[in-house]
Amino acid sequence: METLAPKIIFWVFTGLMLGSALVVVLGTNLVRAAFALLATFFSVAAFYAMLGADFLAGVQILVYVGGILTLFLFGVMLTNRIYGLELETATFQLGSGALVSLTVFAVLVTVVLTTPWSQTALVEEGPTTPAIGRLLMTEYVLPFEIASVLLLVALLGAAMLVRRRIDL
Amino acid sequence: MIPLEYYLVVASALFSLGLFGLLTKKNAVNVLMSIELMFNAANINLIAFSRFVTGDTEGQVFALFVIVIAACESAVALAIVMSLYRILKGVDLPEASALKG
Amino acid sequence: MERLDTVSSLQYFVPEIVLVFSLMAVLFCDLISKNRSQSERRLVIVIPTLIGLVVALFYAFAGAGEVSAGLFNNMVALDGFGNVLRILFIASSIFVLLFTVHSKELKSVHHGELLVLLLTVTVSLIWMANSINLMMIYLALETVSIASYVMVGYLKTDRFSNEASLKYIIFGAVSSGTMLFGMSLLFGLTGSLDLYEIRAALSNQEIVASSGPALMVIIVLILAGIGFKMATVPFHFWCPDVYTGAPTPVTAFLSVGPKVAGFAVLVRFFYGGLSEPAGGHNWAMVGSVDWQTILMVVAVLTMSLGNIAALTQTNVKRLLAYSSIAHAGYIMMGAAVLTGEGIQAMVAYMVVYLFMNLGAFLVVIIVHNEIGSFEVKDYAGIWRRAPMLTLVMGVFLFSLMGIPPFAGFLAKWYVFSAVIKAGLGWFAVVGGVNSAIGAFYYLQILKTMFVDGDETPSPAKPLILQPIYAGLLFVLVVPNIIGLLLWGYLDRVAQYSQRLLDVI
Amino acid sequence: MSLDAAAVQAKIEAKFPGKIPSAELEVVDPFLFVEVDAIVDVCTYLRDDPELAFDMLHCHSAVDYLPPKNPEEARLEVVLHLTSLKHRHWIVIKVKLPRANATMPTLENVWPTANWHEREAFDLFGIQFEGHSDFRHLLLPDDWPGFPLLKDWVWPEEWHGIAVKPTAKMAERAQQGEQIGIGPFD
Amino acid sequence: MKNYLSNIWVTAKTVTIGMIITFKHLFTRSVTQQYTSEELPEERWKSSIVPDGVLQDRSRMRLHVKIEDCIGCKQCEKVCPVDCITITTEKREKTEAPLFAADGTAIKQKVVQFDIDMSLCCYCQLCVYPCPTECIVMTPEFEFAETLKSNFLYRFAKEKPAPPEPPKEEVAEPVAAGGS
Amino acid sequence: MALKRPALEATISNALSALVVGGAAGAVVVIALIPMIAGLIRDGLAARLTPTMTSVASIAIGVGATVFLITQLPIFLIWLERKIAAHIQDRLGPMRVGWHGVLQSFADGLKLLFKEDIIVDGADKFLFKLAPFLTIMGAFAAFAVLPWGEGLVISNLNIGLLYAIAITSLGAIGILMAGWASNNKYALYGGMRSAAQMVSYEIPTAIVILSVVVQVGSLNLSDVIAAQQGGVGGVTNWFIFRLYGLNVIGFILFFICGLAETNRNPFDIPEAESELVAGFHTEYSGMRFAFFFLAEYGAMFFVAALTAVLFLGGWSGPFFSGPLVLFVKTLALVFVQMWLRWTLPRLRVDQLMALCWKYLIPISFVVLIAAAIDGVVGS
Amino acid sequence: MSTQTQYKDLEPDETYAFKPEDLEEGEMILNMGPQHPSTHGVLRIELKTDGEVVNDARPHIGYLHRNFEKHAENIDYQGVIPFTDRMDYVGSMANSLSYAVAVEKLMGIELNERVECIRVIVSELQRIASHLLAIGTYGLDIGAFTPFLHSFVEREKILDLFEWLCGARLLYNYNWVGGVSHDLPEGWTGRAKVFLDQFSPVIEELDELLSHNKIFTARTATVGIIPPELAVGYALTGPNLRGSGIKWDIRKEDPYCGYEKYDFDVPVGQGRYGPIGSCWDRYYVRVDEMRQSVRILRQALDQLPAEGDVHESVPKRVKPKPGEAYGRTEAPRGELGFYVISDGSLIPMRVKGRSPCFVAMSIFHEIAKGEMLADMIAIIGSLDIVLGEIDR
C-alpha cells in the first residue's frame, strides 16, 4: 500500500498525460485537441503535487486550465467558421516529424538515464508557498519586476493586436 | 517512491510529443498547443530537479516564471493568430506563405 | 566579484529605472491624449520617449565606470562589457525611434504601443545582455521576444507583417521551449541557476567525467535559444521572412538590438558558465564538451549561408536580412576563438555594425517613403534623383563589405586579427572568402542605384529628405567614413568591454 | 392650418395637371384617384410641400374590385391613407391598377413604412412594386400558390402534404363513428 | 471620476430599493389559488377584486341547448362565425301533437340534428342573442377536457332522423355527464 | 400520440443504466478521487502515509459525507429557490409533493431520471457526455477544502484557497465544452460568454482573496478561520469588521464575483433564457441537464460558504461553533443570492465586462493595497 | 392570374434573406425564433451577427398568419368582431372597438352617452391590462422575473372585472356595432374604483422596482434609438411614436367615444437616461400612460350616465350602404384602424386591419443594426409587439 499507491497514481497520470498529449498532436479535431490539453495540464499539475510543489500545482491549474486553455479554446473558436463540428486540423510531414521527434526522444532518454544526477538533497517538503514568496521578494526580486513589465507589455500588445481599428 | 528518472523520461516524452506536433501540425493554434507541451515538459524537469537535486524552491520559482511567460506568449500568439485570421480567413501555416523566396 | 543585494544595486541601475519609468510615462501620456489629433498625439508620446532614452543614455555613459559586481544577488552583471552594450542598445533605440517618425509604413497606425514596446525591448535587452542567471537570461530573452513579436506584427492590417509576426512567434516559442528544456537539464546537472555556480559545479571533474552527453545535449538545446536571437544557422529561418514582413524601422531595430543581445548572452553563457579565465587573455573551457568547435562550425555555416543566400535576393530588406546573418557569422568568429581579443573584436564589430546597418536601413526607409518599394530593381535611377543619398548608401554598403577606408574594414580587421592571434588561420581565411562573396551583392545594389537608372527614364524629380532623416544620415555616415580615424577610440572601447565580471 | 380634401386636390391639380382623374369628396372619407405613372411624384410632393406635409403614411391597403354584374369595372386599387402630423389633416389617395399584371412603382423611398405594406400587398394581391429594395414574401410562405385576397382565388388542395381546404366537418366524420384524436395526428 | 462614483452610488441605491420591495413581497399574501385542491364550487370563482360568486353569472363557457325549446329556426347556425353549429330539420307532420317551447312559441320543425362542435367554438356568444326561444345558452361549466376530439361533438338532437344512429348516448347528455 | 412501447422501455433503460450508474458513479469517483489526491498531497507523498488505513478511512468518511452533502444540498436549494421566488412574486410555489412541496425536487429528479436521454444527432457525442461531469466535478471538488469545523475538513490543504479558485475554473471549461459539443449556435454563445465571464471575474475574486490572504498570512482555509477566532462576542475578529471597514467592500466585491462565477442573476448571461434560449445547456435533457443544475447550485453553495469562511468567521460563531454555524451563515448568503436573482434584471455582455474591468478590479486593488499597507504598518 | 398555381419546392436556404456567400469574415447567421422565449410569439428574426454584435437583421413573420381579412369577406359584419378580438389577443377590447367605430362611421350610427362612457372605461382598462403585460414581459426580457408576476397579479384583476362584465377573460366580443353586448353589472363601477385605488400605488412600486433600476436603465436607455424623423417615416404610432418625443394620440387628434370630454395628458419620451427615443423611453411612456388611464378611468366612472340602453343603437341587420370608411382608435399599441368597404350586401367587401404592431415591426431592421445580441430582445420588447396582430 505504501509503495503501491504513489506508483498507481504516477502511472495513471503518466498515461493520462501522454495519452492526451497524443490526442493533441495526433488527433484530427482541433477542439478535441484543446480539450485534451486540459487532461495534460491537469496531470502535469498532479505531477507537481507528487513532487511536493503544491503551490505550483495550484498555479498550474489556475493559469493553464483557467487561463491558457480558455484562451486556446477562444482562439480555436474565433479563428474558424464554427458552423459545424468539422474542425479538422491537417498534418503534414508525418514521417520526418516522427523520425525527428523519436530521435530526440531517444537521445534525451539516453542522456537522462545515463547521467548520474546528484540526488543528494531530498529534504522534507512542507508548504512551499512561504518559501516561494520569500524568494520572490528577496533573491528574485528583479525577475519578479521584469515579469510584471512583461505582463504589462503582453497585455498591451495583445490588446493592440486584436483591436480592429488601426489608428487607435 | 518514484525515482527521479521516471519523471525525466516522462518529461522527455512530453517534450518529444510537443516537438512532433510542432513539426506536423498545420494549424497555428495547434502548433501553439504543442509548444505548450514543451514548456510543460521543461517545467516537470525543473520541479523534479528542484525536489531531488537541490532540495529548495529555486526550481519552482523558475517554473513559476515559465508559467507566467507561457501565459504571456500564448496571449500574444493568439492575438497575432486572430489578426492574421482576419486577413487570411484561415490559420493554416502553409497558407501563410506570402513571404517565400 | 562582488555580490550586491537589492538596495545597494539600485545605484548602478539608473538607466534601466529611467527606461521603465519613461515606459510608464509614455503609456500614461498616450492614455491622457486620447482625444487629440493624431499628429499632436504622436508628439505627446514621442517626446517623453526621447527624453527617457536620452536621459538613460546619459546615465549609461555616466555609469560606465570601473566597478564590476553582480547586482541583485547575482542576477545581472555590472561590468565593462555590459556597460558598452547598454550604451549600444540605448543608442540604437534612439535611432529607431527617430526612424519611425516619418516612416511611411507606420504613418497610418497609432504609435503609442509601438513606443512602449520599443522602450520595453530596450530595457529588457539590457537585462538580457547582462544577466548571469539562467532564470534572468530566460526571462529577459522572453521579454525581448514577446515585445518584438508585437512590434513585428504592428501593421495588423498588413498581411506580410502578420505572417512575419506569426512565423517569428512560432520559431521564437519553439526555440525558447528548447532552450528552457536545456536550462532545466543544466539546472539538474549542476543544481544551480547562477552561471558562476554552474561553472564551479562543472569544474568538478567527478560530475564532468560522467555527464559528457548530457552537457552536449544541454549546449545544443541552449544554443537553439540563443541562436534564434542571433539568427545564426540553423536557427535563422525566421530571419529573412520576419525582416521582410516587419515595418522597416522595426526590422532595423531587430537587426541590431536582439542580435547584439543574443551575442551578449552567448558570451555570458559560454564565457561565464562554461569556461574560466586561464591567464592573460586566454580562456579555458570547463566540462568535457568542446563547444568551441560547435561555435566555429556555426560561425562558418552562418556566414557562408548568409552570404550565398543573399546573392540571389531581389528584395532589399531580404537582402539585408541575409547580410545580417552573414555578419552574425563574423561576430560569431570573435566569440569562438575563446580569448579576450575575441570579445574585444565582437564588441568592436557590433559597434561598427550598429552604424553601418542602421544607416543602410535608414536609406531603405527613405527610398521606400519615396518610391514605395523594397525591390532592388526599383532602386534604378536613384542616383539621378538623389545623388547625395546614393553616395551615403555607397558608404554604408562599402562599410558592410569591409572595404579599407570605411569603418567596416576596421571591424573585420579586429575579428580576423583576433582569430589569427588565437592560431586559427584557416578560420580567418574562411571569413575572408566570405567577405569577398559578400561584396558581390552589395555591389549589385550599388550598380542598380548608380548605373541602371539610365535606360529606364524615370522622372528625375529630386527625392525629398526630411530634416530629421538628413541629420540621422549624417550622424550615421560620419563614423563610417572616418572609420580608420576612430581606431584609438574603438580600441579603448574594446579594451574596456573586455572586462567581464571576473576578469579585470 | 389643416386643408380639406378639395384644397389638397386643387393643390395637386395645380402642380400635376391631369394626374387626378377623379375624386370623391362628399363621402365619409374623401379620396382622390391618382394616375399610377405620377404616383411617386405626387406622393413626394404631398410629403414635401410645407402646406401639405403628409409625413405619415399610416395605412396602405389594396382592394380587389370584381363586381359580378359589370366585369369591365374589375380592377385593383391601392389605397393610401395619409396623415400630416404637422397640420393634423388627412387624405386618402387611391391608385387604380389593372387586375392582370398589376404593377406600380414603390413608395418605399417616400415613406419607408411602405416597405412592409407593399410586401404584404404583393403577398395577398400579387401587385408588383417596382424598385422595392427587399421584395420577398412577407406573410405567406415563399412557395405559396396564388394570392389569397383576390376575389377569384381558388383554394389549393394541399400544400406540402398539408390539406389546405377545410376537411370534412367533424360532425360528418364523427357520425360514421370515427374517433378523432386531439392534435395534428388525426 | 464623478460619473464613476455616481454610477456606483446609483447602482447601489436602486438595487437596494428593489431588494426592499422584493423583501416586502416575500411576506405579502400570495394570490395563488390551489385550483384542484380547492375544488369547492363557490371557491372556484374567487377573486380579490370581484365579489365572490358573481363571475359565473355571465360566464361564456360550454354551450348548452335546451333542445326541447328549439324551434329549428337555424338563426344560430347562420350567425356562427366559425360554423360550429350544424342543424338539420324535418318538417313536423301536421298529424303530430303540437309542441310549444317554454315561452310559448310553436315548434313547427323537427330538429333531427343539432350538433355543436365545441372544438371549433370561439365562445363569442353570438348564437345566443338571435335565438327566439332562448334555448341555446352558454353555461359556466368549464371542465370539459377530452382525450378524443370526436368527443367534442355535442349532439343535442333527441329526434332521430330516418337512418339509424350509432349508439352515442353518453355524449348526448353533456351537462349531466360533465362531458365525459 | 402515445409514445411507443419499445421506445419507452429504451428510454427508461437508457436513463437508468447510462445515467444513474455511469453518471452518478462517475461523478462520485471523480469527486472522491480529487480529495484523495489532495490528501496525498497534504501528506507529502504516500511515503509518509504511515497510518495508512486510518488516513484512507478518514478520507473515505469525509468523502462519503461530502458526497452525500453535495448531492442532497442542491436538491434542497432548488426547492428553497423556488419557494423564495414564488413568495417574492406573490405566489405559493410547489405545494403538492410533501409539506409545502419539499419533496418537489425529488419528484423532479425522478422525472429527469426517467426522461429520454437525448443526444443531438450533430453533437460531438464524447464531449457532449463528458461536459456535465466536468462541470459538476469543478463545482463539487472544491468542497474538499471547505472546513466545517475544527479539523472537520476532508483535505486540509495549505494552498486551499488557490485550490478553490483553480478548481472552480474547471466549471468554465465544462460549460465551454458543453456549448461547443452541442453543435448549436445558442449553446456556443452561452459557452463563450460563460468562459469569458468566468475568466474575467476570476481576477477580482483572486485579488479579494489575496487581500484576505495578506491579512492571514496563509492560503489554508483553516488558518483563515483560526485568524478570525476570538474578539468581542466572537464576532469582531471576523474579517468583515477589520481593516477599518474596507473589508466590507472586499466582502461585497467577493459576493458579486461569486454571483458571476456561478452564473447567477444578474450575471446569468451564459444561460440568459430570454436571449440564448437556455445557453450552454440548450440541448441537454434528462440527467445530464440535472447535472448542470446540481453543479450550479453546488457552486452557489460553495461560493457562499467560501464567503462565510473568508469574511464571516467560518464555523466559529458568537455563542457556539461548529458545522451548523457555517451552514446557517452559508444559507443566509445563499438566500441573499436568491433574493438578488429575483430582484434584478440581467446585465449585457459588454456591461458585464465593463463592470469587472472598470469597477471591480480597480476597487479590489484598492482593498488589496490597503490590506498590504495595513500589514506592513502592523508588523 | 388568380387561378390556382402549384407551389414549388424550395430549398431551406432559399428562405433566408441573408445568403451565406454574402457574409463578411467572422459573421454568422443566427436564427432567432420562431421558437424562442423572447420573440413574443412565433416571430423569426434572422440575424447577421459578428460575435455579440448584430450587423443586420431581418424579421420573418407570418407564422401566425390566418388571413383575417379573407375571413372577413365571408361572414357578416357582426361576425367579424370575434375575429378582430383575436388580432391583438391581449387587447381585444380595443380591437373590437376600433372595428365597431369603423362600421359605425360607415353607417352613420350615433351612440348614446352611456355606451360611449362604457366603451371608454373598458378600453382604458384594457390599455392598463395591455401595458401591464408589456411592462411585465419587458422586465422578463431584460431578465427581471418578478415585475412580470407582480404586474400579472394586477392584470388578473382587470380580467376578473371583464369576466364579470361580459363572461370572457381574453376574447370578449364586447363591443358591437352600435353598442356593447352587456350593460355594466350592478356594483361593477364600485369594484372598478376599488381596483383603481389599490392599483395606483402598484404603478409606483413597479416604477421603483424596475424602471429606475440602474441595470435596467443601462440595458435599455441607450439602445434601440428611434429618432423622431425615422419614427414618423415608418409611421409608428402609439407609445412607440410618443417614445420618440412626438405628441400624437388619436384620442386627442381624432376623438372617438367622447374622449374629448376627459382631461388627460399625452406622455412623451423625455430621454431621461439617454438619447430620446430609446427603449427606455418607449417603456416609460407606457408606465406614464397607465397613470393617465387611471385618471381617465376615474373621470369616466364618475361621469357614467345612470340611464341609457346599451343596445339602443344596435341595428337589427348590419347592412351599410355601398361606401367605405376608415375608422381608427388609439389601441394600447398605437393607431389601430379598420378600413371597411361595403358593397351594400350583408357581408363586407373588404376589411383591412391597419395594425400598429405590423408597422412597429417593420422598423426593426433599421434600429437593430450595430446593437448587440441581447439588445435585440430589448428592442423587440420595447416595440411591444403581438404576433397575432402582426400576422393577422
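First chain written, first letter: the chains are A, B, C, D, E, F and G, and each begins at residue 1.
The criterion applied here is as follows: a residue touches a chain if its C-beta (ideal position, glycine included) is under 8 Å from a C-beta of that chain, and two chains touch if they have at least 3 such contacts.
Being a predicted model, the structure only gives us computed values, none of them experimental.
S.K.: Going only through chains that touch each other, how many steps at minimum separate subunit A from subunit E?
M.R.: Each step joins two touching chains, and the minimum needed here is 2.
S.K.: Find the chain most remote from subunit G, comparing centres computed as mean CA coordinates.
M.R.: The chain lying farthest from subunit G is C.
S.K.: Which two chains does the highest number of contacting C-beta pairs join?
M.R.: A-B
S.K.: If every chain is reduced to the average of its C-alpha atoms, which one ends up farthest from subunit B?
M.R.: So the farthest one, by centre of C-alpha atoms, is E.
S.K.: Find the geometric centre of each of subunit E and subunit F from their Cα atoms only, then give the gap between the two centres in Å, rounded to an integer.
M.R.: Chain centres of subunit E and subunit F, defined by C-alpha means, are spaced 50 Å apart.
S.K.: Determine the centre-to-centre distance between subunit D and subunit F, using the mean Cα coordinates as centres, and give it in whole Å.
M.R.: 59
S.K.: Which integer distance in Å separates the CA centroid of subunit F from that of subunit G?
M.R.: 44
S.K.: Mind pulling the residue numbers of subunit F that touch at least two other chains?
M.R.: Touching at least two other chains: 45, 47, 88-91, 342-344.
S.K.: Please list all residues of subunit A that touch 2 or more other chains.
M.R.: Subunit A, residues with two or more chain partners: 3, 6, 50, 52, 55, 59, 67, 74, 78, 108, 112, 117-118, 125, 140, 143, 147, 150, 154, 157-158, 161.
S.K.: Enumerate the residues of subunit D that touch no fewer than two other chains.
M.R.: As it turns out, subunit D has residues touching two or more other chains at 181.
S.K.: If you look only at subunit A, which of its residues touch subunit F in the complex?
M.R.: Listed in rising order, the residues are 1-3, 5-6, 9, 29, 31-32, 35, 38, 46, 49-50, 52, 54-55, 57-59, 61-62, 65-67, 69-70, 73-74, 77, 82, 84-85, 124-125, 127, 129.
S.K.: Per the contact definition, I'd like the list of subunit D residues that touch subunit G in the complex.
M.R.: Against subunit G, the touching part of subunit D is residues 27-29, 55-59, 61, 63-64, 67, 79, 81, 85, 88, 92, 99-101, 111-113, 115-117, 120, 124, 126, 134, 136-156, 159-160.
S.K.: Tell me, which parts of subunit B touch subunit A in their complex?
M.R.: Residue positions touching the partner: 1-2, 4-10, 12-21, 23-30, 32-34, 36-37, 40, 43-44, 47-58, 60-61, 63-65, 67-76, 78-83, 85-86, 91-92, 94.
S.K.: With touch defined as at the start, can you tell me which subunit F residues reach subunit E in the complex?
M.R.: Spelled out, the residues of subunit F in touch with subunit E are 84, 86-92, 95-96, 339-340, 342-344, 358-359.
S.K.: Under the touch definition given earlier, write down the residues of subunit B that touch subunit C in their complex.
M.R.: 8, 15, 18, 22, 28, 31-32, 35, 38-39, 41-43, 45-46, 48-50, 53-54, 58-59, 61-62, 65-66, 69, 72-73, 76-77, 79-81, 83-84, 87-88, 93, 96-99
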